[in-house]
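Below, chain A partners chain B and then partners chain C, in two separate complexes.
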Partner chain A sequence: MSATTTAAAPVDTSPATRRHPGALAPLRWEIRKLRAQYRAKAVLIGALVLPVIVVVVIQGQSRPPKDTLFGRFATDNGFALSLLVLGFAAQWVLPLLTAVVAGDIFASEDQHGTWKTVLTRSTSRAQLFWAKTLTACGFAVIVLAVLATSTIVSSVLIVGHQPLTGLSGQTIPAAEALRLVAASWATMLPAMLGFTCLAILLSVWSRNPAVGIAAPVVIGMVMQLVGALGGVEAIRPFLLTTPFEAWHGLFADPRFTGPLTEGLITSAAWCAVCLGAAFVMLRRRDITGG
Partner chain B sequence: MNDLLAVEATGVTKTFGSVLAVDDITIRVAAGEVYGVLGPNGAGKTTFLRMLFGLIRPDSGTIEVLGKSWGADGVGVLDGVGGFIESPRFYPYLTGRQNLEGLALLDGGVRPGLLEELLELVEMTDRADQKVGGYSYGMRQRLGVAASLLREPRLLVLDEPANGLDPAGIRDMRALVKRLANSGLTVLLSSHDMDEVEEICDNVTIMKRGTVAFHGTIAKLRTMAPDPGHLLATTDDTRALALAEQHPALRVTRDPEAALVVTGPTPDVSAYVAALVRNNIDLLTLTQTQTPLEALFFMLTDDTTHQTLDRPAELAELAEAAR
Partner chain C sequence: MRRTILVILAALVAVIALGSAVVATSGDTSTVTRPRLERSLTTNFANQYADQARIQGRRITPASLHAKAMCDKAGAENNDVGPGGDWNCLMSWTDPEVPMPPEGYGKFELNVHSNDCYTVGSPSKLTGFLTMTDAEGREVTNPVFEFDGCFDPNGDNTPTGVVFPSLLAVASTTITPDAHGNAGVQLTCGSGAKGCAGTIAVTAGDTKLGTMPFHLAEESTQTLQLPAPVPDGAAEVTFTVQMSTGVGPPKPVTLPVQGS
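Right, the complex of A and B next:
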């Protein structure tokens, strides 16, 4: 079956000479959208304010949480308290903070039916994919920086900056302790980016913001549980939650950084696999909704 | 300037699972014309338009838009093309203006002042700084037209632009599309409303179940349209029915709702009505059941109508025309 009509009169159909967006244009658009969303702002404000509240509450307790790493010093030493919060945050807070944006950034286009709006412009799927990915990763870096800064500053200011007792019983001078605490928080970044990419994959796959946000947190908790079980040494290095514990070696004497390197590789592998799968999924997808 | 086709889709097929959505269709839209793609819901119109925009990949066949193809030119195929599929969607947490600014960013920027011009054109200037989440359906449709024109297209693709609008909104939208068409744009308009297509388009493809049931000019379609049907209520339907025997060109039957159904050429209907009046039979109501083009549309697209119509010759002619 065919439908053919002839032209009534020639009209200009020569190839268009319209401008094309630069590589950064989709990124600027994604950042602009993110800045307009209350959810992202709320997460950043939470990352800024909640550590202060947590520090005040813990510091006010008569008995420190001795059964946790650096817990026994938490009420007397700001660096120890920062590390206590870090250990807690790594359990599910960090995956949640990054998933709030990364798990939503693709699926929200399905939720709002806007794929067809943006994909009928002069920007390709690949450009949009990388713009969204960079935005989500950038948000992860910022929220981690805000959380770390707020925790360290409030801990040091409220509890104090006395020399820290390391995991081997050694005394770490305050300046060195501050550097190590900051470095410990920074070591969260690779695994957090791994969770960002996992959330992106789930966001693309599920097309559902709730799944994109909640599933990485649940998966992270399951990994924590599996990692804590005995007899799983073979798979523990491949779990995305294992790099969250790699900072422990920084506070041992002598210091060891092997887990940091392994964690970096593990996180990079998770990032590559998740982003690769998400990219292929998005490129091949038929946009039928909206 | 050249005489390239604005759209050249050849042998395009798309299936979703076991559902054949578009079956080997070929559609060519000449530059400068206003082309309608008409069909009932599920006919494959929107699937075809989504393939044109690259939102859906065809299983087979090729689509060229303004001389470019997805295979060779990627997203560059959309240079010079604007439009929307089904109801236009925007980010509800951004204002109308912010949405347009963002889309302009994705287009590589627009010339200064264009955004304001378009907001004025679609009468959205006053509401442009309100969040889209609070817009009515009609406002979103108008914003969709503005977003399409932001690309300064030479081919404008509109998928059921008047769908869901109130009568005033439909009137305004049709007037806007006609204005745009008169400005020299090639317009590809999808609709399930025969009146809309008849009013706006030069040429039309009627789709049914993913295939082309008819293509040609509106004028050609009119010549193929069946006689109009009328519902007639009189003060004496029995006598009116008897009087109809003197008008062999008409078919007059009783309707289950006690009215008479009069089918036939308009001059014969007029003569029949005059005869009723001369015979002191007063008319209570006389209403057209369907326009001839509507009737033809249903003949072409409704399987049940095909089975009950007794105009095989005409249907055969239509089938031949479609081929």
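Right, the complex of A and C next:
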């Protein structure tokens, strides 16, 4: 972590140009800090390389993993395999990937004792908050895009692009299957940003990067467990992990998108609540030490 | 760190309390319902079956099968709502080359998850085993043997009105009389609309032993005492079933007498 690179901030002299760089400068610093971070680079490289390994290993299995949706076609259909990886990633990989940056981005300032340093620059707490939030969300988008592209490209190239059997038994031609698989990966974004916001809240509140990174993954797994229980289905719509399963509707015939809309609302609500709480906490915090 | 752990624990307790409160105040709010499952299963099955026929080199359209299903969760007395591995569906369809059994349907076993997806196990008597031979003689996976599906949680929830009768079967394989010649016979009544009722005429060789009335709830088993002792030296007992509710064996059932 190279939080001290903020010392290289540009020095503004004329009052006329002061406002504009003031709004964007914190964002530039945050992105620069992120680009220097070894951990973020490792996550991106992992998202690029690991799916290829997973695809090769699953393709080599003699028995397909039938207990997961699309698993029974995974060894001889590339689209099914990328959907199998999607189902697995949604269980804990996606929350982890985003939390690696989002759970650390506020807490690392505590860890390095650099809050006072960054706040004595001509930037407000609000500006800094939004700069860090945008950086974390941007990283989530990039890491999801890398993981999705790597999975889809490797499974289609290694396993093939045969027509896919959908969730109503219908046959989906290869071109449409590719579109639907890409769309399914894209529908992970709202819930993933929801986890980003949750990680930000935990990062601000705990002031501890370990909590910020691990707790969202654990909370995600608890929500997954609660969502799979038979008797408590009434709380399913409120769980942040439910939108991760909304893509099923794209592969049914007729297609249904109700869960996607509900998932968008759920994710937005989680994000709003978490960011609101994090913002209030940061604004009211007494930063004197460090 | 202690503060952190305490707050995480408090949050977990709050989530569980909230969950329990929601569960306590709401009844059967599950999106997994019988009509949705019946509609989804018939569409899914018809597509899979047409796919199987295509692999065999036959031409069948999904619509020509006229698949109809009646689903039931965990016996007669439970509500047909909610996820679980205890869903059974009775389904009939029309394929000129594969006639339905006398009761007119096959029994499918479903494992339904809370995320509105399910896995179906098909009756292999009617749909074949895990692998099948395709038109060119190769061993391929049978698409109907086991398949997955998902249904719309906001989909049509009006009852489909499909009803199939329960199937009565004689479960005993032998008749074992006691010292006085008294014996019992075990009957089972499968999934279906209203259970099984009717009478059974019992004969041992040429001797008429009388008739026994029976009334079974669906998915239940019952042992009936034969109306008269089995005569000494009788080798077989024959049961002729007359159904008033449900369907029974079309031909008389003959069981050997043990210990004669």
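Everything below uses one rule, namely that the second predicted complex is superposed on the first by the 267 of 290 C-alpha atoms of A that agree within 3 Å, B and C clash if a C-alpha of one lies under 4 Å from a C-alpha of the other, contacts with A are read in each partner's own complex, and residues count from 1 in each chain.
The rule is short, and it goes like this: contacts are C-beta pairs under 8 Å (C-beta built on N, C-alpha and C of every residue); 3 or more make two chains touch, one makes a residue touch a chain.
Since this is a predicted model, take the numbers as computed values, not measurements.
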First, second, both or neither for A:Pro259, with chain B first and chain C second: second
Broader residue contact with chain A after superposition on the shared chain, chain B or chain C: B
Touching partner for A:Val222 - first (chain B), second (chain C), both, neither: second
Which superposed partner A:Glu233 touches (first chain B, second chain C, both, neither): second
Which of chain B and chain C A:Gln61 touches, first, second, both or neither: neither
Residues of chain A that lie at the interface with chain B and also at the interface with chain C: none
In the complex with chain B, residue positions of chain A that touch it: 1-22, 25-26, 28-29, 32-33, 36-38, 112-124, 286-288, 290
Residue ranges of chain A touching chain C (in the complex, touch as defined): 66, 69-70, 72, 165, 167-171, 205-206, 208, 211, 215, 222, 226-236, 242, 245, 248-249, 251-253, 256, 258-259
Complex contacts: residues of chain C adjacent to chain A: 1, 4, 7-8, 12, 15, 18-19, 22-23, 26, 29-32, 40, 43-48, 51, 62, 82-84, 113-117, 141, 143, 146-155
Residues of chain B defined as touching chain A within the complex: 1-6, 16, 23-33, 35, 50, 53-57, 66-68, 74-76, 78-86, 88-94, 98, 102-103, 105-109, 147, 151-152, 154, 184, 186, 202-203, 205, 211-213, 215-217, 322-323
